[in-house]
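Presented sequentially are two complexes of chain A, the first with chain B as partner and the second with chain C.
Showing the complex of A and B:
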């Protein structure tokens, strides 16, 4: 598969009387963009706010972060199975509005989480502080059912991002990068056959309300482990329905810009032979875990991998899937590195994962989510601070009278991301 | 697979609904008890803590029942949500399942440790925690029903 990504750099967002990208500035006329959002009977109110890097702004509670993209050439549309018809994406040309994101915010459940600070200490912990964010703030109607409203809010974000992405259809990219993935036959070619065969195992959270991920519109808990093209992921084949655990969930933006995929493609044909991507789920039912990890190891063996990188999503129960995947791969003779994060207590002295095995001997950490931090007061809040005391990692009294917040690192969206899309690490 | 049920009120306050299905759900979540006990066997520990749910499950495992769902069911942290629902086999196996025992013991270590953390639970969000816990255990039902008795 060959995909050309045309990056259009966005240097600012402003409101105006039309929707367009003009010399790197996204001009937003809210009314036509909000009309389809408000047509959903579950969404009572919706409005846009703009947050730029360095501004004294706190966005919370964040649901999803999405990068606007548009398919210019090739099969399918962005977010296939969700907002475009089901068709195999990942080839042709896709334009990307780089340097910005559509952020969805607003209440779904009372303990919902996710803070993006655009300046100060908090900004250092989230990559999304570096983006120009168009924030879609939504409120549900009275008496809503959480499951239905999560879907409404998820689709509103994806549709808005697709509509913004559409503005880039006829623009000339500032930079073009071509990503090409090999067929299995090509991975045995003369130039590649002497390089170590490396695969990427991407674990997708799939446990229920607020813990779900969708692949071409399919709820990931209802699939077996399977193969997906690296470039399919870039076109939005995988989207987030996950609102729990801000620090280590994968937003849709993470999937679109998966750093493991980008880095493996960057060294493919040089130091490694990047054979393919296996996606696998993280279900509640233990036999599902056993079956999915068996399947992962079976496919890795089928692909004749020498080594694998496994990225996790979430905490607790997914630790079991992570260790199952790792040990089963290792027992096939496949050298395996896992990417996770830690809940090691505020002093960092407790065991980091809820599961462990001696075969999990190569670990990359995204950081300790229990670390206590103090976020200074911001001049402006997008969303509401009413949830700060209740979100994961916050606690009673975490919102101080002066507007500062004392909380664990896990309140910050993307802070300890387990794809490694963050700024923290340790040796 | 499911046929006939009746309820018991025990002296310890546990409410049990007996079914002939291949699994049972141990929970301290009243919403799970209300929503699922009509269709499935539910062992409801009224006003029980998450740890008490785990202890009950651990005891069942020692009595040769097999653990069917991950005891740490979602990414809502144990020091936030007071609710926990765990599925175990209805019938005992021929021997204690070592994997089940290992998983419940590891989960209990996390729970024991978590009590050192700051609490986030507030009455205003109690129902939301119940809903998410219900959703997590419901997500296991299609698999549990498809597999049946092993």
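Showing the complex of A and C:
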């Protein structure tokens, strides 16, 4: 498959009386964008706020982060099965509004949404502090059911991102990059056949109870491990439906810009032969875990892989899936590196994972999510500070009287990402 | 600005007294820096100075451990230093053990920050790396030029009370404490680098060495369940409504013990979950879904079980470190034993 991404660099966002991208500035007229959002009976209020890198702004509670993209040529539309009709994406041409994101914020579960600081020490830990963020702040109606409202908030974010992406349909990209993935036959071509065959095993959060990921609109916990094209992922085939600890959940933005896929494609044909992507779920039942990891290993063998990188999402229960995937691959002689993060306690002295095996001898870590951090007061809050003491990583008294926050790194959206999106590590 | 005061410990060889034939000499103290101390001086840049050097024979220290410790501790105490440095000992076994022993003693008994340095395979490293910061050095004194700046840098950090970086950053042997730091490359690129090394059978360094995992064999089955006292322990976060002990939604710092004497059913008016890792709606509607008090009370009435223990023990498993969970489990187990509980139903979420 061959996909051309046309990057349009966004250097700022401002409100105006029309919607357009003008010389790198996104102009937003809220009313027509908010109208479809507010048509959902579960969403009581919705409005936009703008946050730029370096501003003294704290965004919380954050649900999802989404990069606006638009399908310019080729089959399908962005977020197939979710926003666009189901059709195979990943080929043709897609325009990307680079340097910005649509961030959905507002309370859903309370415990499980994160913090993005646009400046200060917290900004160093989240990649989203570097983006111009159009924040869609929403409030649910009284007496809402969380799982129903999650869906409403998820769709509102994706639809808004699609609408913003649409503004870039006819623009000339600042940079164009072509991503091309081989067929199985092509992976045995003269130029590739002597390189090590490497696969990517992407674990998708599917524990349920608001820990869900969707693939072409299908709830991942109802899937078997399967193959997906690297460029399909770039076109939004996988989206986040998660309300889980902020630090290591994969937002939709992470899926769209999956760093393992990007970095493997960058060395494909040079030092490795990037054969394909296997997606596998993280269900809570033991039978599911065994079945999914068996299937992963089977498929890796079928692809004749020499090596694999496995990325995780979440922690604790999914650590068992991670170790099963790793050990089953290793036992077939497939050299494996896993990417995870750690819960080593605030003092850093605990065992970091809930499961372990000697075969998992090559680990990349996104850092210790339990490490304490003090986030200074920000001049402006987008959303509400009302949940800071309760969110995963916070504690009674996290929010200090002076407006600073003392909490675990867990509270920061994307801080210990397990796709290897960040430079953070631990020893 | 005053200069920080340091006492330095070295052996007879680095004290320029002699080799193995002088290893029997007892500890002696000299003012100012000696031997490697002169190299340290250059790297302190005037911010710190070695006020005294203690020179001690390796055999004497190890063969007269108690006396040696006492003697050296007294020599250190007299100087009232801000920091104590021992070595570096490279791969010299008895010297390494002496450096580790005395730095640990200075740190714990005198409350003075300490630092040492040695080769990772020095027997002193395995004995003391989790107790005293131990800078990783090469296996011979030829590595002095690299060891001294690394130790001096860490010494200044300790003196100024600055945050110690991760072991990979500050060049000390992993001490069992995980510390975050920013690598030069992002994780995905590090994973590919590691994979390429693994594929070509080159040495690679995992960022997290796997721990030896604690697997507990199950107890033998209860012989007569109709006489057994059964307790409920959960990591599903069920607490009395309002979460009176403020158990955290993730990374719980405590567990709760709650009395359920006379409680036959957990209702949404009186119980809820504090757990932040799942959609709480169903647990909040009926906490029996997480800890089955209603069914166990029914079984108790019908004589299917002996008794439901009148306390349940609860914490939040979400993001809670294994070490914390172990600590709570130890305490809960003692309570269960003292109440003569025969069996436990352990529920998660």
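Quick note on the criterion: the second predicted complex is superposed on the first by the 424 of 427 C-alpha atoms of A that agree within 3 Å, B and C clash if a C-alpha of one lies under 4 Å from a C-alpha of the other, contacts with A are read in each partner's own complex, and residues count from 1 in each chain.
In this text, a residue touches a chain if its C-beta (ideal position, glycine included) is under 8 Å from a C-beta of that chain, and two chains touch if they have at least 3 such contacts.
Note that the structure is a prediction, hence the values are computed from the model and not measured.
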| item | value |
| --- | --- |
| Three-chain arrangement built on chain A, chain B and chain C clash or fit | clash |
| First, second, both or neither for A:403, with chain B first and chain C second | neither |
| Contacts of A:53 with chain B and chain C, given as first, second, both or neither | neither |
| First, second, both or neither for A:376, with chain B first and chain C second | neither |
| Partner chain in contact with A:244 - chain B first, chain C second, else both or neither | both |
| Partner chain in contact with A:36 - chain B first, chain C second, else both or neither | neither |
| Partner chain(s) touched by A:287 [first = chain B, second = chain C, both, neither] | first |
| First (chain B), second (chain C), both or neither touched by A:182 | neither |
| Partner chain in contact with A:205 - chain B first, chain C second, else both or neither | first |
| Chain touching more of chain A, residue-wise (chain B, chain C) | C |
| Contacts of A:24 with chain B and chain C, given as first, second, both or neither | neither |
| Touching both chain C and chain B, counted on chain A across the two superposed complexes | 109, 111, 146-147, 207, 209-211, 244-245, 315-316, 343, 345-346, 350-351, 354-355, 370, 390-396, 410 |
| Interface residues, chain A side, partner chain C - complex | 109, 111-112, 124, 145-147, 196, 198, 207, 209-211, 243-245, 259-260, 262-264, 267, 271-272, 306-307, 309, 315-316, 335, 337, 339-340, 342-358, 360-371, 390-396, 408-410, 417-427 |
| Interface residues, chain B side, partner chain A - complex | 67-78, 80-81, 87, 103, 106-107, 109-110, 113, 116-120, 122, 124-125, 128-129, 131-132, 135-140, 142-144, 147 |
| Chain B contact footprint on chain A (complex, rising order) | 109-111, 146-147, 205-211, 221-222, 244-245, 248-249, 283-289, 314-320, 343, 345-346, 350-351, 354-355, 370, 389-396, 410 |
| Sites on chain C touched by chain A in the complex | 166-169, 174, 176-192, 194-196, 198-199, 204, 206-213, 246, 248-251, 253, 275-282, 317-324 |
